[in-house]
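Scrolling down, you'll hit the structures one after another.
Presented sequentially are two complexes of chain A, the first with chain B as partner and the second with chain C.
For the complex of A and B:
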């Protein structure tokens, strides 16, 4: 019989879930440590003069011994330009291999995922960080054999290192590779900058195949993933569509509402007193975040503050702050535009880091734990400050945690910026549909109607009031949203679990149940 | 007819146009700090959208919380069918001000005054043609509902057959005439829009120019302009301090029955006192008459 337990975020979690060995409910942001030592890394032996390069993907798949039921992994650094995943999965399907567990490091569209690979039984299970495109409806219809496990950017390398996510073969889209199998992402025609999210996969997967369109005759001098971890190299014509891998510089917003939210956030950051020498900062790549970054730089300039490091997904806007001398370094786990990629390849202060160093809590240290301030967004926030960045108002998974819970837990000040309404849907509610980031790690919610401070942060509340910032209670924000848009009718759910939301430490903070409207579809 | 008692006293530093057919902009417009929100049924609404926009604006005025901002509507020209329908529909909701586009004669405004009957709605005629500018004082004095007149430089330039420039020399005289007409009739003068929404410095300079010739407020077409306009119309800390001392010295002089009142060795006469009172009124509206928050 299945019993329900309560996670510390107040969510009912069953004590057994298909595909999981254990279910430990979330107990608090730092309450659960590692269960034991790390999983062993694979060992191998090589001979002098061996050639790692194979003729094609089929040979590589045969050489690594991929069989029915195994787990294959891919990374998302080529973003919407990636061609490797479809190439590899097409070859796997042609070879008649089935029942695979498919895992990707982040948001990653796969062409005709359902028609090509799920309906045929090539993919039957998934562990993912982010849900895009048709994947949400596929998962919501319950078309996989087991619920999908949703992990954070820090939680995924933690799970790999702990042996909870055991990868048989990692196929690594490699923008540049030398004949020893050394890989980097900063060179080659399909360059994407940092390969931070692929590093744990390369270290721990039993077999690693580098798929490249740029085989360097000269040995690489800049190495992201060393040849010690790479079994085989396969050259293909094109690993990605470079116009979709990296865009030109991502620009700040001109939307007056978003600018207003950004101004409020910047004022809150200043009032917190954290903008002082040695300041460290992370903001996303959305319009509000970029505007906040510029405004914070203005504060640093005015107050003559010299910062320590910038973290996270890196854009040209972040790079320009490094180049202007506002900060000592950038720690880059993912490069978002051409300026960021160029900087990573040329500026020694722009440092590529692994996802594990970025955000894995079960290390002897990780970068997010050194953050002063992080600016994040939300699909919805509840009056307990819990944040949902996974399920839409209809209960369908449409996004994912990324580094949201990791940075929220790590930073001294976590600010969620969101408009009060997304379209006509209130962003502030009584209870979020899915808890992804627990309220105890969120300090401030910033909307165009004012700043709500977590009651646990009376110190911040006092500072904000002294600075005459527009402080409101989270209940007032909720009431105003409902006054404008009405009280949203929440979807009803069946008992069928379609997703498991892991907190960064591997405990289960919430589960995603199938909406009644989707049952039997 | 009686307009609301505070309608003439009201500060209108920034008057933000919001397209009357855009629900999401109408919904968010109160957050930008504009003193007056103008829901626009005229230029920003295509002819085929007029009916829908009118219904939306009526509904918005009835249902939404505009967070203390003054609610105005720019109706279509009142001699058109759309204009007549606009005024008729708005009689049933609490709109504080109507903006009358392309006013050229006092009779034009008096017609609207009659249509409004006993309602307390105030009027701001817009002077957007040479004819309107030249009859500015007659239009400003046409009826008791007029609380301000506004200059529309874009349409004015079109009627004159001249090119608009950022420096604005070509509209300087008209601007001065509008400001003079307003002052002569005891109503406020509201300046034209600044169309380059990406040029914050240009907007600030244009606003300072308007202030220098006697305008008390400025129209705005983008929420991003509101903060700059409000800032420029808000007195500096030094101006507020000086105004406070002038008023205090004057009141003290009156109490003591003095004939001639001086401050820092200079005579204070009535116009100086009135200007000081206006500064304090602006400061109060901007929320910076107390401790902190003043401009440097």
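For the complex of A and C:
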């Protein structure tokens, strides 16, 4: 009989979950620290004249000794243009290796055939940062042997450094590699810019294989992942398509509703008093976020404010603010378009950072803890300000945390921008289906029907009222959404756990159960 | 209101609904045949059927085949589209 514990976000968490050594419920954004020293880094040696380059993936997989039951990791910097993940999995399948744990740092292409890796038993377990649309139904069918672990961008390097996620082989899609195995993402034919998410994998994986389509004859002068961490190099025809990086989450908007939300958010940022010299800022790549970024730059110009750093996923729009002198630096953990990739390669103020430096709460200082303002989105927010960015209204996983919980915990001001309705589905509800970002780290929810301020932030509420901003209560927003759309029927769930949502510190904030409609499919 | 031909209203745009109201063969007796496809079936399927039946009842439509392709329309939009489609499916003034 499993006993249920309660996470501080009010969610029932079983005291044992398949595949997890321990289950500690979430107790608060900064309630826990590291449990002990970091995991040992693997050590190996080389001899003069050794050649790291192998003929093909099969040779590399043999050389690293990949066996049934091991853990393989990949990064997502090439996003939907990535070809390495499928290339490697296909080779592994051909070689008859099975029962792998598969982990990717974020969204990657999943085609119609991907389910076969699971049905055929090649992949039996997963630890992921993001569940792309096509993967959600596969996982919801409950085909994995253990629930998928969902980690934030900061939580993943923390788990690797703590030895909770132990990687046997990291396959690194490497846009440019020299013969020593030094890697960067700024040169080569299939550039992805920052390699921030791959760095912890390269440091801690037992073996590291760089997969490249650009082997440089000259030694690299810009090194993101040093050859000291790379066992083997494999050259392939094409590691991916850089032009497909800027798809999916990234879009600019002409939608008047989104622009209205963006204007409200910008006014709220100004009223908070945080836009002053030394200002630091992160906004996502959605339409509202991009519009807010431009509006905030306008405020900085008008008030003659000089900012400190821009953080996070970087786009051409952020790059242009750096070039116009609004900020001193960009800290780039992920380059989201070709302009950002070019800037990372040429502008010394555009700095590549690791995911651990970006957002890991268990090191000596991460960048998100120095943020003034972050603008985020949501699938759902509840009247306790908890945010769901993982499960859709049908209970199926279709997105993921990314840096959402990390930046919300770190920033002085966290604003969630969302339309009141997604299609017909209310975005403001009594209880979100899955808590990913806890309400105590969220300050403001901005919709086209006004701004709701977390009651814990009476200071903000006063500032917003003084600035005559359209302030409403979160309950009013929820009532208004239901008045317009009607109350949606919520999915019912079985007891079967298909996903575990880790907070950034490694505690369990919520679990994803299988919707009744999916049982036995 | 007697349905004598196919009447259509609405679009397949997000937030809209396409409604087709058509006559049924007279032998089977007066009946409403409802076919609903919706992207929010799980959340609002019952509500959509209730609103469609209520709107048809208010119009006095008792014998028709009604096809709904819903893209997340709100109730007022569903009512308007059903009403327009039903009117387009009835005999115009002076027509026999």
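Rule of thumb we're sticking to: the second predicted complex is superposed on the first by the 509 of 521 C-alpha atoms of A that agree within 3 Å, B and C clash if a C-alpha of one lies under 4 Å from a C-alpha of the other, contacts with A are read in each partner's own complex, and residues count from 1 in each chain.
Note that in this section contacts are C-beta pairs under 8 Å (C-beta built on N, C-alpha and C of every residue); 3 or more make two chains touch, one makes a residue touch a chain.
Model, not experiment: these values are computed from the prediction.
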| item | value |
| --- | --- |
| Contacts of A:484 with chain B and chain C, given as first, second, both or neither | both |
| Partner chain(s) touched by A:351 [first = chain B, second = chain C, both, neither] | neither |
| Partner chain(s) touched by A:517 [first = chain B, second = chain C, both, neither] | second |
| Partner chain(s) touched by A:448 [first = chain B, second = chain C, both, neither] | first |
| Chain B versus chain C as contact partner of A:468, first or second or both or neither | first |
| Which of chain B and chain C A:95 touches, first, second, both or neither | neither |
| Partner chain in contact with A:257 - chain B first, chain C second, else both or neither | first |
| Footprint overlap on chain A, comparing chain B with chain C | 423, 484 |
| Chain B-facing residues of chain A, complex | 254, 256-257, 259-260, 421, 423, 448-449, 468, 483-484 |
| Chain A contact footprint on chain B (complex, rising order) | 24, 27-28, 31-32, 64-65, 222-224, 292-293 |
| For the chain A and chain C complex, residues of the former touching the latter | 393-394, 423-425, 484-486, 488-491, 517 |
| Contacting residues of chain C [partner chain A, same complex] | 14-15, 39-40, 42-47, 71-75 |
